[in-house]
Amino acid sequence: MADVILKPIGNFDLTVEAEVVTPDNFAGKSADDIGKLLVWQGPEELPLADFFSVEGNGGSSAEDTTIIIDGEIPRVKRIGQEMTGGKVLIKGSAGMHVGSGMLGGEIIVEGDAESWAGMEMKGGSIHIKGDTKDHVGCAYRGSWKGMSGGRITIDGNAVSQVGGGLVGGEIIIGGSVKHFCGIRISGGLIVVKGNAVRTVGAEMTGGTIVVGGCIERFTPGFEMVDVESDLKFNDIECPGEYKKFTGDYAIPQKGKGTLYVSCNNNECL
Amino acid sequence: MVYKNIICPVCGGSCDDVQVNLDKKNGTIDVQNACKMGNAKFQEVVSHHRILKPTIRENGKVKDVSWDEALEMAADILVNSKKPFFFLGSETSCEAQEVGLHIAEYLGGLADSNATICHGPTVMGIQESGMVGATAGQAKNRADMIVYWGVNALESMPRHMSRYGVFPRGYWTKRGRFDRTMVTVDPRVTPTAAASDLHVQLNPNSDYELLSAMFTILNGKEPHPSVEEITGVPISVMKQTVEMMKESNFVAIYVGLGVSSSYGKHRNIEIALNFVKEMNNYTKCNIGALRGHCNVAGFNQLASYLYGYPFGLDFTKGYPRYNPGETTCVDLLREKDVDAAFVMSADLMDHIPAESAQYLADIPMICLDIAPCPSTTAAEVVLPGVIDAMECDGTFYRLDNVPVYFEPFTDSPFSETKSNEDTLKQLFAKVKAKKEA
Amino acid sequence: MAGTIAIKNGYVYDPLNDINGEMMDIFIKDGKVVTELSGADMKDVKEIDAKGKTVMPGGVDSHSHVAGAKVNVGRMMRPEDHYKHYQKKTPLTHSGCGYSVPSVYLGGYEYSKMGYTTVFEAAVPPMEARHTHEEMRSTPMLDMGGYLVLGNNWFLMRYLKEGDVDKAAAYIAWMMRTHKTYGIKCVNPAGVENWGWGENVSALDQANIHFEVTPEDMIKSLTELNEKLGIPMPVHLHANNLGHPGCWEITRDSLKIPKNVKAKPNTDVEWAETKKNAKRHESVYLTHCQFNAFGGTSWRDFESGIKGITDYVNSNDHVVFDSGCVPFGDATVMTGDGPAIHDLYMLTGHKWSNTDVECECGSGVLPFEYLKGNPVHSVQWAMGLESLLYVKDAWKTIMTTDSPNGGPFTKYPLIIAWLMSNKARQDTFDECHKWAQDRTDLAAETREMDLFEIATITRANPARTIGMSYRKGTLGVGADGDVAIYDIDPKKLEVNDYESIVRGFENTAYTVKAGEVVSQMGEIVAIPEKNTFYSDIATDADDEKSMLADVKKWFKYYTIGFDRYPTPDKYLANPTPIQVNAEK
Amino acid sequence: MEALLNTGSTIDEGRLAKGGSKYTDDYTKECAVCWMCAEDFTSLGCPEKVAVISRDRKYSVALTTKVTEAMRSGQVFIPRSIWANVVVEPDTFSTGSPRYKGSPVFVEPTDDEILSAEELVTKMYMGGE
């Protein structure tokens, strides 16, 4: 395994788009070559070395390459976009679109991540240890097909539109979410261990959502069918008792979506 | 001199029956058929506060300069910017907006318009669902049920009810108001709500749940009982409203910012649009947005056909990109992600939250407008605006996306420019000359 | 010298002049085809060596949805169609995006790269004419025009019910001039008005609500009025019941209605020299045959009904049609047939937009994906090809995808490959659902079109059909100097290697517009001037006066004032009226 | 008190804004106003003026109060204007549109001076220029 260490050196007055930062692009390149790769700042294309110091060479292949970003980069977007293998470790917070369209490999963000992490991701894994904002694993505007494979794990909270249009794969939120978690999903699994504000599973036509905490405002188009305990989805365990709902009957698709809601935290439902 | 059939450049209603009597000698204008807002705007032609000279701000002091100096300085600001932002406001023609878009594309900047802080979420909702709508005359001729949802038509588009929505006598609605049932859904008791046959007073931020429950009812299912507390509306009223719709021959729903701007944003619109789509399996049902600014629909149309996206266009990579929240005005300013701004025919400073406004005041800003306002106060360069539909011709799109061609009844007060389109073309020429030098 | 060029030694295909791959030179002076260039001209003229290449007149698309309100609804509601399909700006060109519904700049460039120089917008709702013209004006590279949607127009329906033919004729003439449009489009006649109440019509003799006009009345009257007015093109018909299993029958019966209507196009234009009669003789131009030729009675026994149409076309001479081929993949379905799109929405549950236009017409838009694995879609793919292959005389057919309904026009090279290569078709059968073979007869069809026939159905015949062959679709002397030069050597062409056909037609070696090279190997190298054509029909002044009195009286049902209704010249790029002489 | 802020047009706000009269007293009188119901007004101690404060307490704006039956308890309304937007939440949930309807705010009685639109720009946004 070859490690390439990028240390942010500033110049982030305007945000930077760095989709070039993937193990695929770094593989087979020297530190020098990597520094010459171009990133976008506004309409300018500038060398990566203007923003990061580069240490270490890429491995022989993507799988063989680890990129370590040693610092905070909330204003750098699109790290790991469409990567197919290898590893990216961000030791601080990441900007928008981290791991967007990702196909394989692993991304770890030790801090927070901005919106659109893992948009339309197809494979691999993203682990965000802090919080994130909107559209985790979501579909692009106008599309009904979001993330279709792989796994996103958020240890902290997410805000809106988690997993919008999810088709496959898993999203696990350790903390809480706000609005439209699992909007219009048709497959896959979303587990929220904390609370949700409203509109969980709205317009869902398939797939599974589990909410371990309390849902402040329940989505009206769901019907309770059962109570189940100690849910298990492969390696993902959700202990405790859950009310099982099907829906969303607001959408004329026969309510093939499944929504589990913790019994203890949602007595009024 | 009396001029008839003038188009009003104030709101999306684009009333085309305004009559003006302009007395140039005495500097007065008499206006008929326009609403209060329209009348006030027509007075701008003879107003005393009209901006008539370009100004620049030097060391905090505002001074008059020649048009050429102002355009030079504006071009300098844009050319020296690393990431310029263009706010191409809706109180001007598509023709002017088109030049603005071309400059933004040329410089690799970003361009947005009033939709972003108005019906942007409505457009985003359409992108999620599509929209079953019609030109305004369909409701006028056919609708026997009108729903104003989250919109206070009487105050935001004062002539909507009389021209398009409720009162007009159409082909199958010869008795006007008497042939129609009017419903308003609003958390406030607005004048529109007061004028309705039924006012559904929902809790703020609960439009999604109310629509979702009505949709569930439409699909023959019982909504979860908690929805009564969430929305403040009894399920029986929801059922009654759905039944009223199904029993009508033609339902026209108008949505406003109450739906698209409250929590839920484009998802509120999305569920409304989906509901309307399904309602068409039972009766004829249309939906449309009441658009407050005169040509806000025009920018959406123009930007879509020229570049593929309706607002929030990002040209930084040399081709159009679009992602509201990332490439849109309020977010770019809040995140301090642009370094110069060109604001045309919209008082942007007034319309955006403090954090964004503060940054806009920090960066070099060029402002093109007709009257003093917060944006012109904070601008480095102020270019006087020409009033569309009064002083030059051009195109607006009205609320239902029908384009109207407007013609002036007087001339531009400036010998240096015929129209905002003309001003922008002059600016573009200077920008090109500097960039290519 | 602008607009002057010599194209040497190419294999020329000019069907209107019976030129079938002869090696010859084409000379263009000041934008028009000439017999030869003088020695002085030749000295500083641009010369293109077309040796070993295929030379055709510039492509003519007589039915494509490229500009106007519903196209823009498609653009606006489909960011997901655009974000991965884009083109950067260059010092010469604008940027753009969109796959099935490209933005106007991109659309113009993409047509030009394929050798097309003329495109007609298939449907212009009168109230949206300004919008349509704005978009056409902004579309680079192409000469354009649009067809006015009249099949459900209140004013016409009222005149026809009252039997007032003269006023109806005056109204059509006035509308063409008012909205700067070219011909008559008739979409789901009498049915779209019913959609104003959420209904449709399902039979030719079914009268619609209130106006009590039947589809048959509408087709009969419009085709007669069309000839009375001397309009350059036949009535452009989108038949009733489109998209429903079994609709082929109503389509065939619709085509029978104008059987005895004699074509009388009457225009004051100068005709380019052609050996063949370049004037149309058809009274009806059916559009997107494939969508109008569904067989079976339900989706379960769905099958091709193409033969029912093509048999009729083969034995009658008053019909010409375009195919509406389905090349698989992403599409955006858009039409003036609002109820048809509602039915499609019920089937797919997808995004759906609808815009009814007061007193005039309607429209619907819906994203669609044609999948090889889908039984119905695979039949539709075969049907589009069947429609073109079963009609023996290529002068009765036009190749389209009804872009972007069957798929975007950028897929034309693929359609050409399927038409020219039986192997291409057989290989596709292997990839798609077996219904394509079981429910159509395409598998047994061995016809392979040659380049002459391809030139016929992609330029000569579309131009002839719509009355534009006086200057388009031919390289006869006097024609516009619009030429497509493909890097295809007819002597070496091996149709089993159909990939080479696709490649050859994807990007021209040169696209020449009015004697100027505008695109070269997929690069736009010049932005030419463009023309917008419309019919300027002279009618009886008294009829017009009394008609206008009616129209003004009825105008209260619009929400736009009478004075604000017309489309001013400024919305057109080089407005080019064609003088049409109505029967007096 | 905590409240949900609703903003929107009023006919006179529209008349004055479209008429280029943003720097007039009339405009300030129409727009620098916080609407509320009688119950909330009483519980605030019937103040003539209130400060409406953003949720993060970073921004505050002084307004005159207006009591109206159009409002329900816990909800306040400010006509669409620069005053309202001082306290509208700038986050857009990734939609581009800030929370013009339903921003959570604090409302407290105040004696602060009510700024004109021009003063607000120069003092609050331009650093007192």
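Which chain is which? They are A, B, C and D, in the order written, and residues in each are numbered from 1.
As a convention for this text, a residue touches a chain if its C-beta (ideal position, glycine included) is under 8 Å from a C-beta of that chain, and two chains touch if they have at least 3 such contacts.
Each chain and its UniProt protein: A = formylmethanofuran dehydrogenase; B = Formylmethanofuran dehydrogenase, subunit B; C = Formylmethanofuran dehydrogenase, subunit A; D = Formylmethanofuran dehydrogenase, subunit D.
As the structure is a prediction and not an experimental result, all values here were calculated from the model.
K.L.:
From the Cα centroids, identify the chain that ends up most central relative to all protein Cα atoms.
P.N.:
B
K.L.:
Is the number of contacting C-beta pairs greater for A-D or for A-B?
P.N.:
Contact tally favours A-B.
K.L.:
Counting only Cα atoms for the centres, state how far subunit B is from subunit C in Å.
P.N.:
From the centre of subunit B to the centre of subunit C is 35 Å.
K.L.:
Go ahead and note the Å separation of the Cα centroids belonging to subunit C and subunit D.
P.N.:
Result: the chain centres lie 56 Å from each other.
K.L.:
Residues of subunit C that contact two or more other chains, please.
P.N.:
Expected reply: 77-79, 83, 350-351.
K.L.:
Going by the contact rule already set, what residues in subunit A reach two or more other chains?
P.N.:
In subunit A, the residues touching two or more other chains are 115-116, 134, 141-142, 179, 252.
K.L.:
Hey, what residues on subunit B touch two or more of the other chains?
P.N.:
124, 127-128, 263, 315, 317-318, 322, 324-326
K.L.:
Quick one: label the inter-chain contact graph as line, ring, star, complete or other.
P.N.:
The chain contacts form none of line, ring, star or complete graph.
K.L.:
Can you name the residues of subunit C that touch subunit B in the complex?
P.N.:
67, 69, 71-73, 75-79, 82-83, 86-89, 94-98, 102-106, 127-128, 130-131, 134-135, 138, 196-198, 342, 345-346, 350-359, 362, 365-366, 557-561, 563-564, 567-568, 571
K.L.:
Could you pull out which subunit A residues touch subunit D in their complex?
P.N.:
115-116, 133-135, 159-161, 179
K.L.:
Considering only the defined contacts, which subunit D positions touch subunit B in the complex?
P.N.:
It comes out as residues 4, 6, 8-12, 14-23, 54, 58-59, 69-72, 75, 77, 80-82, 85-102, 117-118, 120-122, 124-126, 129.
K.L.:
Which positions of subunit C touch subunit A when the two form their complex?
P.N.:
By the definition above, subunit C touches subunit A via 77-81, 83, 349-351.
K.L.:
Quick one: in the complex, what on subunit A touches subunit C?
P.N.:
Counting only subunit A, the residues touching subunit C are 139-144, 252-253.
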